[in-house]
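Each of the next two complexes has subunit A plus one other chain: subunit B in the first, subunit C in the second.
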Partner chain A sequence: MALRRIVLSLAVVLLLVAGVLPVAVMAGRSLVVDGRLGLAAYHGLLASSRQWELLGNSLRLAGLVTVAAVALGVPAGLLLGRTDLPGRRALGTLLALPLLLPPSVTAVAWMGAAAPSGPVVRLLGAGASAVLSSFLFGLPGTVLVLATAFAPLVMLLVAAALRSVPPRMEEAGLLVARWPAVLLRVTLPLVAPGVLLAAALVFLMALGEVSVPPTLRYPVFAVESLTRFAAFYDLAAATAAAMPLVALTAAVLGAEALLVRRTRGTTGMESRGAGRALVVPLGRWRRPAAVAAWSLAGLLVGLPLAVLLVRAGGAASYAEALGRAGDALGRSLLLAALGGALLAVVGFLLAVLAWERHGRLWAVPDAVALFLFAVPAAVLGVGLIVTWNRPWANVVYATPLILLLGYLGHFTAVSLRLSRASLELVPAGLVEAARVAGVGWGRRLLWVVAPGAWRGIAAAGLAGAAFCLRDVGMTLLVHPPGWDTLPVRIMTLAANGAPSLIAALSVILVAATLVPVVLLGAVLGRREVLP
Partner chain B sequence: MRRCLAAILGLGVLLLPACTRRATRPGAGTGEVVAYVSEDQVFSQPVLERFERETGIRVRAVYDTEETKSTGVMNRLLAEKDNPQADLYWANEPIRAEVLRQRGVAEPYRSPAAEGLPETFRDPEWHWTGFSARLRVLVVHTPLKGEPPASVMDLADPRWRGRVVLANPLFGTTTSHVAALFVALGDEGARSFLERLKANGVVLSTSNGESADQVAAGQATLSLVDSDDAINRIRRGDALQMIVPDQAPGGLGCFVVPNAVVLVRGGPHPEAARRLADFLLSPQTERQLAEADCAQIPLHAGVPVPPDVPSLATLSVMEVSWAEVAAKMMAIQPELQAWVGS
Partner chain C sequence: MSLLELEAVRVVLGGRRILDGIDLAVEEGERVVVLGPSGSGKTTVLRLLAGLAVPAAGRVLVGGRPAAADGRLLIPPEERQVGMVFQDLALWPHLTVAGNLELGLRARGVPRTVRRQRVAEMLELVELGDRARARPGELSGGEQQRVALARALVLRPRALLLDEPLSSLDPPLARRLVGVILRLQERLGLTLVHVTHDREEARALATRTLFLERGRLSG
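Up next, the complex of A and B:
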């Protein structure tokens, strides 16, 4: 059992070093100004009415994005995870795409739609530009872009929770009522914790988002506080400005955990027990539902992508884009592959820790990983700089290892949860038989558990790779010289870069992101694996 | 599973050389230089690529963005002061280069390529040297009804109430310009201007580029931006007119903002950094930046420029002490923050 303790402890330590240490060091650093301990860096943080106004804007934005994402994501999750909707796998892939793209790319696409020279305005007439612009630039447009970007998270978590609902409960309901009533009174209450978790994550991701609000000119606390305090070139003040977001993250996740504890249901990580998940037949509603779902996907995902394609123009734009950023694309793919592999391994080990309920604190890594997933990327980025920017740590700070550490800290929750769900599918009897036969823990893990959960582990790696590929907030801050990724290159070229170049780069990023997404779809399309 | 593990190990082996090669500091050796760049990447990258082609020295760069200037390369240089990763900083304006000198980050270097550059656009002790300049100009939406503005002070003219957009003065060249106004007009004069500006309903944007876009789209009528933001958009047909302000005799003069080269003290590749500095300060680079869409104004005499690029020789220029403006910029930050937040 020493091996088990060493391996699992190593995974926990990696998570702590990658994520918790930077946040803790940053919090500590904000308390030291000019070598003295105190709250000087916090003075004036919320002193002006403007700061409170911005905090109000942030909460309003996060609230509206959450409502919109839940309103879109829950029905989509139900349709894709439980019904016989035609083409649901392709639809799921299309709807999931915005989650795996930097939201700024979606914003660029919508800005292209509203531009006077854009294809939508050409189609609808010159007057449409002003109307579209007035909608897009400000709160409504920011809500639209972020809700589109985050609704897939709700969809996926609801679909995962649905697969964990015990079929016998729905079967019992069907004895006395029809599907709509069963869905409303049995299924939805059972997946309520999954919806609650998704809502909390969307709220926090919207709260910490720093790329879309400035692009669409909606002032929020996360952007303004970090930028205004950093204008002093004072790291203590800058880190202090980030701490309210860290505190809010902890508070929201704490409240979510308390609410979930009081609710009887599933977040998608529990075993559903015996039996296959039931499928809701749509009957005569099958075709209208398909038309509605595909139309919505076309409007929210297809339209911005089409605009990007049109704005990018011909081959010359792509040639220029590849000339300008081909190296960044290569680095993005390499880092995504390495990050995905690392996340798959560490996520799997931490999932095993929770699955085996090893030690007294088996549930802690999951909660910590979730917290780190919800902490704004820019906050984690500043924390990594504060922690690792030391001469003795150049082997980390001055190399791509700093990015891999950041990815591990930020995205372990994704791989942990996917691996954890797949572990429920490993036959307990098989593991027990191996144990009784004298097979040690390491060999059991390698030859019994991992093969049984391989699709979940592969899915964890691919989803992790996709998240690494899309990251901007942290990579922008900590990438070593010459190691910028494609999303970062798009951001830096956007300053006075031609719209066709930015659109072509965005299309290339979408294409690159489709690789893990399609593979993920293929892996998750198998019925026996959770979505 | 075994294949998965092999793949993971393989990828790890692939990365290992990249990590260990620079185990102490990035780009160890003489064939590389690490540059932090605030000039827009779309304009600076071709210059650095030409340097790579002509010298064989690889440039590893970190670029700034429009929206994240807060956490941009300037903060990174200060954060890395005791553990420098960069060799050279290409600043897009000299005030922050001057701040780096004052904070002990800049290494003095008298480049031979700086011969012939005006003394007014460099640090007297060669901690930074200016080249290729931009002007701070007014842009108006076209067609404009009535008399066009002629001075930066016109931004506070009630004629433009609610129609003026200005980049956040806590960042970029707008900060430098406001600090220069404090030096030129005196504290009271500048404060009065800012108050009148606020009373005139000025709208703040995240960057000069965004300000120019808002004016081009007709969302605002007037703004104060950099000449490259204006010329770039005029060349692509946006509805903008550029006005060089304060050209009347005895007026303030136009605020000129050169790029600046700073060598980083303790940088890992000092020799390569000096070669890059020489390259950036050369007339050839100034010509390249004049012909690009940023349309920057050469400071070397006799460099040919496109017809829409203004010439400093024909302009009335605001005379400033860069050290004084840099000190003022740091001093007025709390005041500016309060102004932005009020």
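Up next, the complex of A and C:
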């Protein structure tokens, strides 16, 4: 049992050091101005009408993005997770892609669509450029890009929640009503906690997004924290500006947990996972639904990608792009691989902690990881710098270790949740049989639990790698000299690089992201074989 | 004409023959109990009659009309006038007891006042008149069983299908529920099809007992 305590404690400590410590240090640091303890930084912040205006903008943006993402993601999740829509797996992969790309790449693609020299304007005529630009630059365009980027999160969480609805509940509904009524009155209320979590996460991710709003010229509060740090190195002001976002994150997740707890008593699904999930036959609506879903996916995902491909041009652009950013691509892939592996291991161990309900605080790491996932990346970035920018900590601060720490702090929730879901599929009897046979905890974990949950662990690593690969907000701030990644390089070059170069780099990033996505699809698509 | 019929029904699941050409005819007002060991296909018989499963070959008839045949569903479950109590009850946890009973009435467009009256009557019949506002999670095991029974009966079905609803109850509670079922069956003139592996239960409920083993039904 000593081994179990040591290993699981180590995983918890890693999460605390990677995520909680930076946020805590930053909170403390925001209270120190010119060596004196006080709230001076907050006074400055609260007194500024500009800050209140920015906070209002942020809340407006996050609210609209949440509404749009839920409106797109819930029907998409239902269509993909419950119906016989033709080609739903390919459609799911296409729709999920924007979540795994830096939203700034999607913004670049849409800017290409609106550009006077872009393929869309050439197709629609010169007048279209002004109309598209006036829509794109400002609130509507920022909502479009971020809703496209975050709707897949809603879609995936709804699809996952649907898998946990006991088929018997829906069958009992089918005895008395048709599918639309059953979906509305039985299925949707049962997946409501999943929708609520997705909405909370989307709201917080939109609130903390720092790459799209400045690109599309919509001023928001999160960029303020970044600017105060990057432009003026004003640590107290930067940390004070970050703290409202941390407080909002805690408040939104707290409210979400409270709401879910209130409904959990009413949605505790006793016969969870019993039997095969039901499929809603679309009947005569199958073809129109497929046409509508594919058209929407084509418009929201296919069109921006096509614009990037067209604007990138020929092989010369790609050669130049690789010449200018080949090193950044290599670093991105290396960091994504290392980050993914680290996330898979730590996420698995924390999932085991929750699965075994070990100790009194088994649920805490999951809640902490979720909080750190929702905290804006730039905020975590500032926290990491404040924590590790010390002479004795150069081995972390001046090396890629700081990036790996940041990825661990920010993305553990992804790997933890995926591992946890697969652990639920490991029959308790297998573990108990090994225990009765005298197999120790460590060996049980390696010989029985991990092989039973390998799909989830692999998926956790690949999803973790994809999230590391897409990160901009934190990497932009904390990367040591010479360790910028491809998304960061794209963002820096976007200011004054040639459109064809930026488009080619974006296409290369999309291709690099597709590697873990395709592997993920292959892993999740394989049939689970359990004894 | 029988109320419920299976004709040469074959069901294959995952390459295994669950039912191998069985015939069954249930007459109006009968109480048929199908006895069989776990995994013998008892639940599948009920699912075929309810319309939740379709036979790979053979026919299902309800009130003399073909309801499913050779892999095709001809009458959907909600039009068959059968109620079913599932083994795990499958009460909707997000709805109150009254909400569980009302869902089917709402789907049929029954006016609100009529709906409320029918729900109240049905809850009185199963002695749960004071529990209408409770959620399933707040009820005892026996109360949950009676809610499931009331939900299956509130639409006034011609037949009631029972999938081992007593298996999780202790003997005194199970005996009490048998009494409730028999009383309701007599009062509402129901046809019962009950599946179980428990001979005591079969003896208490059946006017006719059938045995299902290795996919075949015998009298």
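General observations
Methods note: the second predicted complex is superposed on the first by the 507 of 531 C-alpha atoms of A that agree within 3 Å, B and C clash if a C-alpha of one lies under 4 Å from a C-alpha of the other, contacts with A are read in each partner's own complex, and residues count from 1 in each chain.
The working rule: contacts are C-beta pairs under 8 Å (C-beta built on N, C-alpha and C of every residue); 3 or more make two chains touch, one makes a residue touch a chain.
This structure is a prediction, so every number in the text was calculated from the model and none was measured.
In the overlay built on the shared chain, the residue A:171 is in contact with subunit C alone; subunit B does not reach it. When the shared chain is aligned, subunit C comes close enough to touch A:190, but subunit B does not.
One of subunit B and subunit C touches more residues of subunit A, and that partner is B.
Once chain A of one complex is fitted onto chain A of the other, the partner contacts of A:181 are limited to subunit C, with no touch recorded for subunit B.
Using the contact criterion defined above for the overlaid structures, shared-chain residue A:428 touches neither subunit B nor subunit C, since it reaches no partner.
In the superposed model, A:436 makes contact with neither subunit B nor subunit C. Using the contact criterion defined above for the overlaid structures, shared-chain residue A:37 touches neither subunit B nor subunit C, since it reaches no partner. Counting contacts as defined above, no subunit A residue meets subunit B in one complex and subunit C in the other. Note for the complex: subunit B touches subunit A at residues 1, 4, 7-8, 11-12, 14-15, 18-20, 22-27, 34-36, 40-43, 45, 58, 60-71, 74-76, 78-80, 82-83, 85-86, 99, 168, 170-171, 175, 205-207, 209-210, 217, 219, 228-229, 232, 236, 293-294, 333, 337-338, 340-342. Contact residues on subunit C toward subunit A in their complex (touch as defined above): 50-52, 76-78, 82-84, 86, 88, 90-95, 103-104, 106-108, 135, 137, 151-152, 155. For subunit A in complex with subunit C, the residues that touch the partner chain are 166, 168-169, 171-178, 181, 185-186, 189-190, 192, 263, 265-271, 274.
Within the complex formed with subunit B, the subunit A residues making contact are 48-51, 116, 133, 210-211, 214-215, 217, 223, 226-233, 235, 238, 324, 334, 337-338, 341, 344-345, 378, 381-382, 385, 389-391, 394-395, 397-401, 446-447, 450-451, 454, 457-458, 476-477, 479-482, 484, 489, 491-498, 501.
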